[in-house]
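A single structure is presented below for examination.
Each chain gets a letter, A, B, C and D, in the order it is written, and its residues are counted from 1.
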Amino acid sequence: MTTERAPQPTTAMANPPVQPLASNLLPGDVVRASAMRDLPAPERQLTKVAKLIDVSRCIGCKACQSACIEWNDTHPEVEENVGVYENPHDLTPDMFTLMRFTEYENPETNEFEWLIRKDGCMHCEDPGCLTACPAPGAIVQYSNGIVDFISDNCIGCGYCVAGCPFNIPRIHKTAHVSKKCTLCSDRVAVGQGPACAKACPTQAIVFGTKDEMIAHAEMRIEDLKERGYENAGLYDPQGVGGTHVMYVLHHADKPSLYADLPDDPKISAVVKGWKGAAKDVGLAAMGLAAVGAMAHGALARANEVSAHDDAEAQEMVAHAAGRLTVEEEAARPPEGAP
Amino acid sequence: MTGEREYSAPGDEIETRKPVTVSRYRGITRLNHWVTAFTMIGLILSGMALFHPSLYFLTGLFGGGPTTRWLHPLMGILLVLSFLLLFLQMWRLNLPRREDAEWLANIKEVVKGEEENLPELGKYNAGQKFVFWGMSGLIVVMIVTGVMIWEQYFPGLVSIPVRRVAVAVHALAAVAAVLIFIVHVYAAIWTRGTIRAMTRGTVTGGWAYRHHRKWLRELAGRRKADPAE
Amino acid sequence: MNIDLSRRSFLKLFGAGAAATSLGAMGFGAAEAAVAAHVRQFKLATTTETRNICTYCSVACGIVMYSRGDLNAGEKAELIHIEGDADHPTNRGTLCPKGAALKDYVRAETRLTQPRYRAPGADRFQEISWDEALDKIARALKDDRDANLIEKNAAGTTVNRWTSTGFLAASATTNETAWLTYKTVRSMGIVGFDNQARV
Amino acid sequence: MTNSWTDIKNTDLVIVMGGNAAEAHPCGFKWVTEAKQRRGAKLIVVDPRFTRTASVSDYYAPIRPGSDIAFLMGVIRWCIANDKVQWDYVRNYTNMAYLVREEFGWADGMFTGYNEETRSYDQSSWEYQIGEDGYVLTDETLENPRCVWNLLKAHVDVYTPEFVERVCGTPKDRFLKICEMIGECSSPTKTMTSMYALGWTQHSKGSQNIRGMAMLQLLLGNIGVAGGGMNALRGHSNIQGLTDVGLMSNLIPGYLAIPNEREPDFETYMSTRGNKPLRPNQMSYWQNYRKFMVSFLKAMWGPAATAENGWGYEWLPKLDIAQYDGLRMFDMMSKGEVNVYFCQGFNPILSFPNRGKLTEAFGKLKLLVVMDPLATETAAFWENHGIYNDVDPSKIRTEVLELPTTCFAEDEGATVNSGRWLQWHWAGATPPGESRTDVWIMSNIFLRLRELYRKEGGRAPEPILNLTWDYAHAEEPTAAELAMELNGRALTDVPDPNDPTKLLLQAGKQVSGFGQLRDDGTTMGACWIYAGCFTEAGNMMARRDNSDPSGMGVYQNWSFAWPANRRVLYNRASCDLDGAPWDPERKLIAWDGEKWAGPDIPDIAVTAKPREVGPFIMNPEGVSRFFSRKLMRDGPFPTHMEPFESPVANPLNPEMRGNPVARMFPGDVAQLGDRSEFPFVATSYRLTEHFHYWTKHNKVNAVLQPEFFVEISEELAAERGIRKGGRVRVWSKRGQVWAKAVVTKRIRPLICDGQTVHVVGIPIHWGFKGAARKGFGPNTLGPFVGDANIETPEFKAYLVNIEPAEGSATS
């Protein structure tokens, strides 16, 4: 009952506690939730956190994948070798992060480069998945920047897949819920950093406050520039409001070199349109049509069959006994015509 | 000439002569219509739940969000099949004719309920034809885009950019379909005497005379020509 | 029609349900636990930590093993997680893809749990008791040593050399195991003795 | 490792050659990235493949497998020619000025004294000129043509950049760029570290590869200094420990030697181990050999080992040949000369070369005992698994006992890392089923055997009956009991040699260091280099103080490092002749006028005066050796030798095949292929996702690298019509395997001696047991050839052929 409240995390380089600690990532820290407008203002603002992936230090060892599987108790399939190092071959509902390998011959230096990027959720400040999601509370964003999928609220529709500018969420085949990196929200909740960042042997993945991570990135970029990578830089794409997973790239001018990392990711205009005003306009149109119809029904006279119509029909049916086909009847000049 | 129908469908006939009642839809057609109708309503309700957050509570009607998620596309398939049967029965009489243009030109009078100056019509007026073709087209659009975004069975069918467009088009088509649906339902209510065509299967002679005179006339003539029918 | 989401209904959506209504009564803890249930339960709470060293390569990273049950308290201990020991100077908490998955080596489906014996020409193993297995080994050693030990060479020098039995030693066992193995193997006169240093 | 993992952060230049540190030792490689970040260090990778280490390198150069000596001698030649030599170091701390016998010479790729029949050298000429005073003759002016310096210059003269390009396939410009980067480290304040592993050892001349780099490091003054050294990354978690404890055919714990049969008694054995200093004032630490040996024998046989019986020397086995290593035992097995064989946590069916020969050999055993936590291919070598193990069980008569053992999580004790740290670990899981510790199993085997000898008598029972076994629970001695034996203790009161009225050590007390070991039977100690690991102060290996006040990565109070808790070997050489650190910012120790002191434990007597005692105290010269005398069977300098299977002839001597003194059994010569039939060079290696043949049992690692594959260049793929992800057959003279093809730009054809050389990369890791897909290992293909000095198989360079094999049978 009087369990101590866990601290906020500042690094992944710590041993997790075994004594029970009260979670410090609470529903009250949610600043945005899918399909829920007018969320009450959070009671406090958590320090923004970020994971920084320094691609230039990454050795592609897949420790992050391994740690991710172990921490999250997922069970990816043992696939085949298809001639590449990516295994599994893509992100899956059981593999939240994936090393992607690109063999690149740099035309400027004539040097061969093996670019290795850890793919996974970027935890966008402006998350496309959350925008697209129709299920209230299935995707939430905490005030520290973590975008988390709440499986209990998820309906498995896959709209988040369409909404994500980075092609990250995957729908679980049997559980029918969307899965992706949680930034280890369960670890963060007790003051720890993500499992991948802790495991990363060369500390290519580091974790801390977003400000610290940006400062760390600047130091790394300076080092890379000294080593001849003039275009080294930070990938914190503003098109999605910045991200809480950032990259240091040696070729920050060409992010797409790194296994198609989007050069300028943003939530697709189509998604924005469909999820934004268009929704309300559509709803309004349908509402108006319904209301209009009702009003018309209430105010305007109904279209009723008159006694005259009945008589005419009677006449017509009777008259038809005179072997006239419809055509003949129609061709006949109306009665009383000159 | 006597076997041919131009304005009516098989099964349409003068059922009683005094007063005149006309059989407009056979039982199987009515069943077909109501299956389609209820499927449509289910689709609208479930679709609306996923369409707008404020309507998400509608998932409660289906047993929750996940059920709604898998049920909606299945209802969609049912609708397509059911509508397809209706379509096969109705498409010919919904082909546009010259008088439809005249009818449309006088749409104001239609709305006022003053049909005296309108051309005589077959089984369907232009409004009904619009509903028919509109729904047909939108259902095609929705089933195509729906399959594209059917995560459970076709997760990788189309690329994500296409999928985004598909979701948007699906939603837009749905809005359009709902609007048409409203027109359809309201027109049926407002035009008194219409609903019985889909409940009892018959309409009054006066109704037929007022709204679909050519149709009535053909049936009246046919009855004579082929009493056995 | 628009749902006005109050904090209350929001919490409800988050699974607190009725618990949230009696939040005051229950105090901090249970209610919050229910609310927080959507952030996955932290799985290491109340486990037992044990310091160990990664068994794979000779970087010898420090690891912390988390188990349910405490061996020191005489309990059965089930290993549920392993991660790098952040206090360790070499790895500082990091682990490679092998080390990070150590738990699944310890708990591999192909771990052996029972002594097994394969008879000459048989196409499968059969289970055997430890007693039987150990007796078989001791007997085979005794018989082979008595038959083939070279006690003296041609020059008459005592050489106590036994070449018809050999021993390949594990390179992931402890020094202590190694020493005990050394003692026993050398006391018998075995010279066909090697370890994994070459491969 | 002469240094430690954490010391790598002190370096300025890392050269990874003969290894792939980022993949094989990712967490150790962290310290390379630390050095890059902290000191702006550069990383060079020289490898046949563009590895994951290369992906984070500053400069990469390709090299043909098996041509490293030419490369290294080329660098040495370049450094000498361009005066990139740490002269103060070389003059004072190496044998550069020592004179070598007139008879010594080198011609046609061979040294003097070769005997073709015995495939060995008569090494008598490979020696210094010794003066009348018993000390080596030297010429400090380096003018004498017989001094090591001039012999070295002459020896490396052939290795021009053009020669290197011709032999190694390394483009000349890349080679020269690397020479320049390395040359910068001849400054006393700049150091280079060498990180290598099996990429250098698994050749028929593996030891010479390593010597080549060690010589370069001496030339640059990088041995013994922080951020420098020769760093063998090593394999298994306790391969260092097992070697330290002497679990090899010819070893006694602490790198003492098992006697050979020409040493009939203890005194004869000791007579060649006096290690008299070769220069005045030198410590020649091996002069203490007798103390370590007697303490070992007392650890073995306790009271039964007496001065009268030469401390039980007679009971030790005596070798008739250099050693009965694994390769030799398997060769003997294949001839039916072995009856019982134990594999303790070892899977030779997959890890030794020429699997076909091994399977046949195992089939000739009477009894195979496998102790392992996992179901190994070795224990199931008789099981039919289709193409993956195509045998007929009914024809294999071998009895097999498969004994389930515990693993690290379930036991306690110490393992030794590459940096020689003995780190204690504790058990945290209940062993599964009926699995037992190796200690329990070995104890029970021994106790039952001893009982049989007690009851039945038998041949030479004394060494078994007299073996000390005074453990609290005979069937399962504790790790602490055994560790305390390794450390050593006083058996009786030990008087202080300087003051006989005082006690140095009371009976029963643990020794505090090897300095307390005695040769009179008053102490026991199983492994002298471990003395100090478990003292009266407790278990030093369990220490967990991770403070590092100097910031040098020394961690003096974390666990225990042998010898004497020293973290950087030869650290006396980190200071100049007067005892001041070459680089004051990277001080390990320094002479303060009275004694040596600093963050590390001095590798010299603390009061040994500078300018008197040389830094390499284990050598009788007190200095290190460019010229290695008789210590290497294949020559006192490294000379270029081709692999036994090579696509090109040795330009130094086209008639010479491989290493003329390498381990080669007569029956295996016929199983060597040549380039006409097998045109491509194969090299085997490990992948970062797996650890040998264990992690294929682990579902997670199986997910990360599920299936056996080979890697080839786009050019070779095009030439042979192989598609990415397609199935291929790879075969050598010894066998064939089927694999998936990874077609990559990371392997490029090399031009060697005017011809195109394609490399086929073959990762190990797959077999027919475990969670990953069934597959093969390269050992089906590799030749049964061993290094001349250490008998490592030549897994890194042999010949194969490759073709597409779509649709062919998989089972």
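In the analysis below, a contact is a pair of C-beta atoms (placed from the backbone, for glycine too) under 8 Å apart; a residue touches a chain by one contact, two chains touch by 3 or more.
Note that this is a predicted model, so its numbers are computed, not measured.
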For subunit B and subunit C, chains touching each: A
Which of A-B and A-C has more C-beta contact pairs: A-B
Centre-most chain, if every chain is reduced to its averaged C-alpha atoms: C
Cα-centroid distance, subunit A relative to subunit C, in whole angstrom: 39
Separation of subunit A from subunit B, taking each centre as the mean of its C-alpha atoms, in whole Å: 37
Intercentroid distance (Cα basis), subunit D paired with subunit B, Å: 83
Mean-CA-position distance for subunit D and subunit A (Å): 51
Where subunit B touches two or more other chains at once, by residue number: 53-56
Subunit C residues counted as touching two or more neighbouring chains: 2, 48-49, 82, 84, 87, 91-92, 94-101, 104
Overlap residues in subunit A, where contacts from two or more other chains coincide: 36-37, 61-63, 65-66, 69-70, 136, 153, 201-203
Residue ranges of subunit B touching subunit A (in the complex, touch as defined): 1-2, 6-7, 14, 17-20, 49-56, 59, 64-66, 68-70, 111-113, 115, 120, 149, 151-152, 155, 160-161, 163-165, 167-168, 171-172, 175, 178-179, 182-183, 185-186, 189-193, 204-210, 213-214, 216-218, 220-225
Residues of subunit A touching subunit B in the complex: 35-37, 132, 134-136, 138, 153-159, 161-164, 167, 171, 176, 268, 270-271, 273-274, 278-280, 282-283, 285-286, 289-290, 293, 296-297, 300-314, 316-326, 328-330
Of all residues in subunit C, those that touch subunit A in their complex: 2, 4-7, 10-11, 13-16, 27-30, 32-33, 35-36, 38-49, 64, 66, 81-87, 91-101, 103-104
Subunit A-touching residues of subunit D, taken from the complex the two chains share: 22-23, 26-27, 29-30, 32-33, 36-37, 40, 50, 52-56, 58, 60, 688-689, 699-709, 723-726, 740-746, 771-773
Residues of subunit A defined as touching subunit C within the complex: 1-3, 12-23, 25-28, 30, 33, 36-40, 61-63, 65-67, 69-71, 73, 136-137, 148, 150, 152-153, 182, 185-187, 189-190, 195, 198-203
